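All chains are identified by letter, namely A, B, C, D and E, in their written order; residue positions are counted from 1 within each chain.
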Amino acid sequence: MLPSFKKRHPPVGARPGTLVTAESAVPPKIRVLRYDRETIEDLGSPEPEALPGLVQPGTVTWIDVQGLGNESLLRVIAKGFSIHALALEDVVNVPQRPKFEEYPSHLLAIARMMRTTPEQLVVPEQVSLFLGKDYVLSFQERYGDTFDPVRVRLAEGIGPIRESGADYLTYALLDAIIDGYYPVLDQVGERMNQLELRIMERPTPRNLDRLNELKFAVMILHRGIAPEREALTRLLRDKSGFLRDEVMVYLRDTMDHAVQLTDALDTTRELAASLLNTYLSLLSNRTNDVMKVLTIMASIFIPLTFMAGLYGMNFERMPELHSPWGYPVLLAVMAVTAGILLLYFRWKGWLGSDDDDE
Amino acid sequence: MLPSFKKRHPPVGARPGTLVTAESAVPPKIRVLRYDRETIEDLGSPEPEALPGLVQPGTVTWIDVQGLGNESLLRVIAKGFSIHALALEDVVNVPQRPKFEEYPSHLLAIARMMRTTPEQLVVPEQVSLFLGKDYVLSFQERYGDTFDPVRVRLAEGIGPIRESGADYLTYALLDAIIDGYYPVLDQVGERMNQLELRIMERPTPRNLDRLNELKFAVMILHRGIAPEREALTRLLRDKSGFLRDEVMVYLRDTMDHAVQLTDALDTTRELAASLLNTYLSLLSNRTNDVMKVLTIMASIFIPLTFMAGLYGMNFERMPELHSPWGYPVLLAVMAVTAGILLLYFRWKGWLGSDDDDE
Amino acid sequence: MLPSFKKRHPPVGARPGTLVTAESAVPPKIRVLRYDRETIEDLGSPEPEALPGLVQPGTVTWIDVQGLGNESLLRVIAKGFSIHALALEDVVNVPQRPKFEEYPSHLLAIARMMRTTPEQLVVPEQVSLFLGKDYVLSFQERYGDTFDPVRVRLAEGIGPIRESGADYLTYALLDAIIDGYYPVLDQVGERMNQLELRIMERPTPRNLDRLNELKFAVMILHRGIAPEREALTRLLRDKSGFLRDEVMVYLRDTMDHAVQLTDALDTTRELAASLLNTYLSLLSNRTNDVMKVLTIMASIFIPLTFMAGLYGMNFERMPELHSPWGYPVLLAVMAVTAGILLLYFRWKGWLGSDDDDE
Amino acid sequence: MLPSFKKRHPPVGARPGTLVTAESAVPPKIRVLRYDRETIEDLGSPEPEALPGLVQPGTVTWIDVQGLGNESLLRVIAKGFSIHALALEDVVNVPQRPKFEEYPSHLLAIARMMRTTPEQLVVPEQVSLFLGKDYVLSFQERYGDTFDPVRVRLAEGIGPIRESGADYLTYALLDAIIDGYYPVLDQVGERMNQLELRIMERPTPRNLDRLNELKFAVMILHRGIAPEREALTRLLRDKSGFLRDEVMVYLRDTMDHAVQLTDALDTTRELAASLLNTYLSLLSNRTNDVMKVLTIMASIFIPLTFMAGLYGMNFERMPELHSPWGYPVLLAVMAVTAGILLLYFRWKGWLGSDDDDE
Amino acid sequence: MLPSFKKRHPPVGARPGTLVTAESAVPPKIRVLRYDRETIEDLGSPEPEALPGLVQPGTVTWIDVQGLGNESLLRVIAKGFSIHALALEDVVNVPQRPKFEEYPSHLLAIARMMRTTPEQLVVPEQVSLFLGKDYVLSFQERYGDTFDPVRVRLAEGIGPIRESGADYLTYALLDAIIDGYYPVLDQVGERMNQLELRIMERPTPRNLDRLNELKFAVMILHRGIAPEREALTRLLRDKSGFLRDEVMVYLRDTMDHAVQLTDALDTTRELAASLLNTYLSLLSNRTNDVMKVLTIMASIFIPLTFMAGLYGMNFERMPELHSPWGYPVLLAVMAVTAGILLLYFRWKGWLGSDDDDE
């Protein structure tokens, strides 16, 4: 069955900035990291009111909020960092289209993270990043994320991440999000290959259903990465005061990844289309196969049965019936008839299977 | 059956500004609200001639006209607010493509509202908004609208709506119109899911018809929202003297919603295309199923019937007929033949159903 | 059968400006109207040499030439109004793509008028308008046109037509041409609806042919209106010295109509595509229906016939034949077999029709 | 069988300017014409070294080279007119994409001429024109061309061709090339119409093959004219120092022809797509027809044969066999059974043909 | 089976510049050539640390690195030529999208080389070229390349290659890469033609699989050349300080080749689509053929068998059985019936094959 594509949206005519908390939203957990070139501190989970006070010039503070299930808490944070009502709406009323939006005191980046779970091939999750002076404020829909490698790099001080500012951290997070598409895409590709074998073996409606699910997964990935690519293109062209030129070079690289991903998704799409053609033509071939068996059986035995019926008639005067050679001759005629028909079908190429050709 | 797509249009060669009142047009009802930060007055249904006089600097007057079935009344209103003949034609000769048009004394916004009714999945209705200095003049085709939540917000003074000018009211109305697409789209999505189950169970022409109706509903929604998005893009780029920058920020949000809606509609379209493929392949599978039953029955019994026919012949010299073992041996041969054929069909995978695979 | 799409064109390598008079071209009829705010004169059919002399400053002269079947006469007119050889070629070598071209002494507008005739659903006809100072010179391929309502408006002085200049007349004529698409499109829509009912009833090749004809008609309409829309877009953007700004406002309205028409044509196209899917799936359903009848009949009677054949054999020792209960027991077995098969087919859902589902 | 689309290309890594003479290339024939307003001289076939010396200011010299099968001769000519190595490569390594390229001493125009031959529907041939000061140098792949009408116009001095310069000659040649598409397209259209009749009569694989050939021919034409149109658009926009404004007006006309041709090709393509649908649905209809005959024959006779088999059984106690009315009553029952089945099939609409509906 | 489309990519969240050495990566081999107008030296395989020292003003040094399987060695080279971490990532983490990127000290060109191997139709390999002052540094994934003809031209001093700078060498290498597409494309074309014959003979699933493989090969080629074309367009428009104008003229030629290749690939794609249609319609035709044989056999013999069954009945009173003419008359009736049916089928056109029509 195809997944639903419902979107959470405020009631019609609601005032702008209305937050629609999903029933499944989990209560927010806050985690704060502050670092500079030399030191890194895990500030734990402070009260939301205290967050703005943690930001110190010369260091970078990363406030990570996981879970959107507490409206008043979110409003407190938003107030502390002077986040516009519409921007907060974008954070909470997921999913929003990936984009960059510049506000006076920060740059908002909306992106879509992808995961696979045992139940569902592709699970999108929205990540919203606010890049301000000396801080990054990230919001995620659920607990658990793909940012752990970034935390490790921060903790171990690998690469330039500790020496660069909040804009580099923003880049690192965006890059982690986009790199997260690759394993999902690999998973999709592997399933596509398995499915191809299955379809080759048996073109069942269940397999068509699976193909539709894969196409849908590709579509979800595409809806996540294509607007990201657009947004990055625009950002690279228009520049932003919150991103230094050194970081722009790195974002150009992220952009390259996004382009590669859309290319790979296009390839996957064409594979799915080929697979559909294969599926439909295998169906036709199977019908053909069934027909051929029926035709061969019926065409051979129907004339023979007619001959048998002929000599089962009760006419008084049927000279053949009385000849001692009647029966063996008829059997011979039947054998020859069957043989000729078999040769005809062999010549038509209906006796072998269609699956192999030399 | 597919809905008709007839458009009301003036006779060929008619002078520009000719109004074509639909037979189904209802007589106009006027309702006027006037408010400022402190007060809000319901001015009821004044005479059309009196309307321009109600507009007062420092307050916002919202004149809502529901029903377009009285040409002379509309001309009176148009004259009072110096509406151009072509603009009035756009109001009355529905449906027009959504657009913004700037005139010296007002900005005209044409939009398309969507509703579902028990009889029809998607019913479009045109709304025309004239935003002038201190007033908004709205025209709707039919009674009843999706503006009630806006009226409630006005009455209760929730949010910035009472503190902002006529341009904010225009935004609020446009936003309500566009938010009104979501429930209709949800409805379409739900029907799509139901239809999928139905098609899976039975691919009948009636279900194909239903699929076509859904595709048509998606098309109607798309024809409403896509030009709206275009128009908003142009408006946001070119700016208008009637809209302050603060309101522009809100319209950017409305624009985001329009983009999301077109994305969702694209998704729905692809789902419909997948469903069509499913439908067609299920049809093929069913034919295949029917063929298999026929082939199995015919292939098993035709050879047996031939054998029976053989020994029903009346030749004088058929030694088998006189052997006491003739009959039981033949029955055994028949059973073995049937068994071999059954094994062959089992090996071909024709005996199980195609619907399940492990 | 699909209509031919041959175009009249000069022999290869002919000098530019060569006129290719179609064999079916009718001899030109000239009709001249001259009017100003107060008066309107019908100047009848003057000699072609006298035409330029009829143009008077302060009045508008409309010279309408119907029929292109006299090359020398056309050359005389062209010379009188200093029409470039290539422009005259555009007038005569129909059909040309709709366009606007500015020449030193006039603006050339090429447009395509559409009519329905009893024989053919859509008949395009080229109209060429030369808008010069104080005159409009129009050329049509055949007698009879859609300009009569414009003539009536001129005669009765309705609307601003008599008070405005030659550019307004040009607009009025263009608008009449484009409004002329609506009734043709309505006709196409009505036929589409009829065809849908017919296809639902019986998916015959004749109906597919009809569908192709409708698609072709839509294509002809599209080939007329889409370049017109392009040309108008360009004209509205680049402006022309022959068209005052007041008239530009009206042309923007004409442009809106052209956009609506292309939208409606897109809708019609999608309807046609849906109809094709319906057609093809109905064909599959019918094959399925036929197969089911065959399968049911064959599957029930083939085993019964086998049983009958069995007891028609002439073996000496067949104990059943001698039992007095043999015959009635066999009949009962046959009835039970048939009943079981019928139940099986009922369970498969093959006994009811596929056309109705509750 | 589909035509090959091989392109002649130099070995990988060859130095630029490598000429790849096709084995089928014919030895070049040179023909020189020199004219001014009063006189025209046929200078025959001078030695290649002498060619540059023939160009005289105040006259136009047209050097036409037919056949590319002599590399050293071509290099001599190229040297005489200072043609760049890459430009000569473009001339010889056919086919090149149509384009205009400006070099210091001349403008290079590459175009593709189309012919039909008895063996092949569309034969493309590359024509390269070098327009320099006072001369035009044209290269063609094969003998015989579509330039004869231009030669006649030159000889007879018809139109402005003798009075205008080398740029006008270039235009005249390009125009002749593009006009040469029309008869080929007419030919394609005629074949399409014939093919439609054939397919209507009999949807054979051979006819599908013919349809593919026509689609391929349309594709070849499109590959010739579409880049020509692009190139002309760019030339008209960017201007060239070798083409005076008077000639530009004529090239705009040529451009119009190119646009019309692409329109006509699009129409042809859509016709081909319609034809493919017709073809496939006719195939389905034919299968349906075959099925119906089988079903009717089998469904009528299988029950009758069963009845006959029933009374062919040899049970001792079958009372019907002994009744004198047994045989006639059974015959009557058979007739009624057959009649009922026939009525059922008639009601199903399977007895008439599907080809006609009233 | 369709090839996998997996891409090598760093673990999610890895720091930028992480190199992902494929397991299949081979250890790098270095080969250095240095030349000027007079001399050319093969400098063999120096240590990576020594490479920057080999570059001498006035000569061109070409350092060719084949194999990417040694990260530390690559880092040494990158350091020597001050290659940015992201640029080195682009070199190693293949495949990257073809592009040009300008860095302060060099221009990076990423391109994709294509080869055919006996096992695989199209094998892409990434080539990265760094064009600096007086040197070209090229990286290839595997040993063996298509650059040998360039080495020969260098060694033999053919053409301008020895007299021009490092930028001309870069052009020559890019040109060799792009020219390398032609033989692969030819190979694809040849297989397409073979496949067409095979499909015409027998539309088996194996052949559909082959068609999908060809489509996939075309897609791989397209993914290589289309971004190359884009990148070249941008380079030709924006210019680069590392490429002199003389070389730009040559790159324009390379660009022309890229455009021709994409054209040819589009053609191949359309051929593949035609072939798929042919395939599917041949499948339908074959089913039709099978059906016709079944229908003819069954329809002729079923009525005859019925007649035989009729006179096999054991009614006591069947006068025909006792007539001496009964048997021969019945035989005659049977012959006539069969003849009529045969004539009917002949008239229906079912007796001949569908493959030939006159």
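One rule holds for everything that comes next: a contact is a pair of C-beta atoms (placed from the backbone, for glycine too) under 8 Å apart; a residue touches a chain by one contact, two chains touch by 3 or more.
Treat the numbers as computed from the prediction; the structure is a model and nothing was measured.
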item	value
Same or different contact residues where chain E meets its copy chain D, judged by the half mark	different
Whole-Å separation of chain centres (CA-atom averages), chain A against chain C	42
Gap in Å, rounded to a whole number, between the CA centres of chain B and chain A	26
Multi-partner residues of chain C (at least 2 other chains)	280, 284, 287, 291, 294, 298, 302, 305, 309, 312-314, 318
Contact graph of the chains (line, ring, star, complete, other)	ring
For the chain B and chain C complex, residues of the former touching the latter	1-2, 4-7, 9-17, 84, 86, 89-90, 96-97, 99, 198, 202-209, 212, 215-216, 219, 223, 276, 279-280, 283-284, 286-287, 289-291, 293-294, 297-298, 301-302, 304-305, 308-309, 311-314, 318, 320-322, 324, 326-327, 330
Complex contact set, residues of chain D against chain C	146-150, 152-153, 158-161, 172, 175-176, 179-180, 182-183, 186, 189, 192-193, 196-197, 200, 249-250, 253, 256, 259-260, 263-264, 267-268, 270-271, 274-275, 277-278, 280-282, 284-285, 287-288, 291-292, 294-295, 298-299, 302-303, 305-306, 309-310, 312-318, 348-350, 354-357
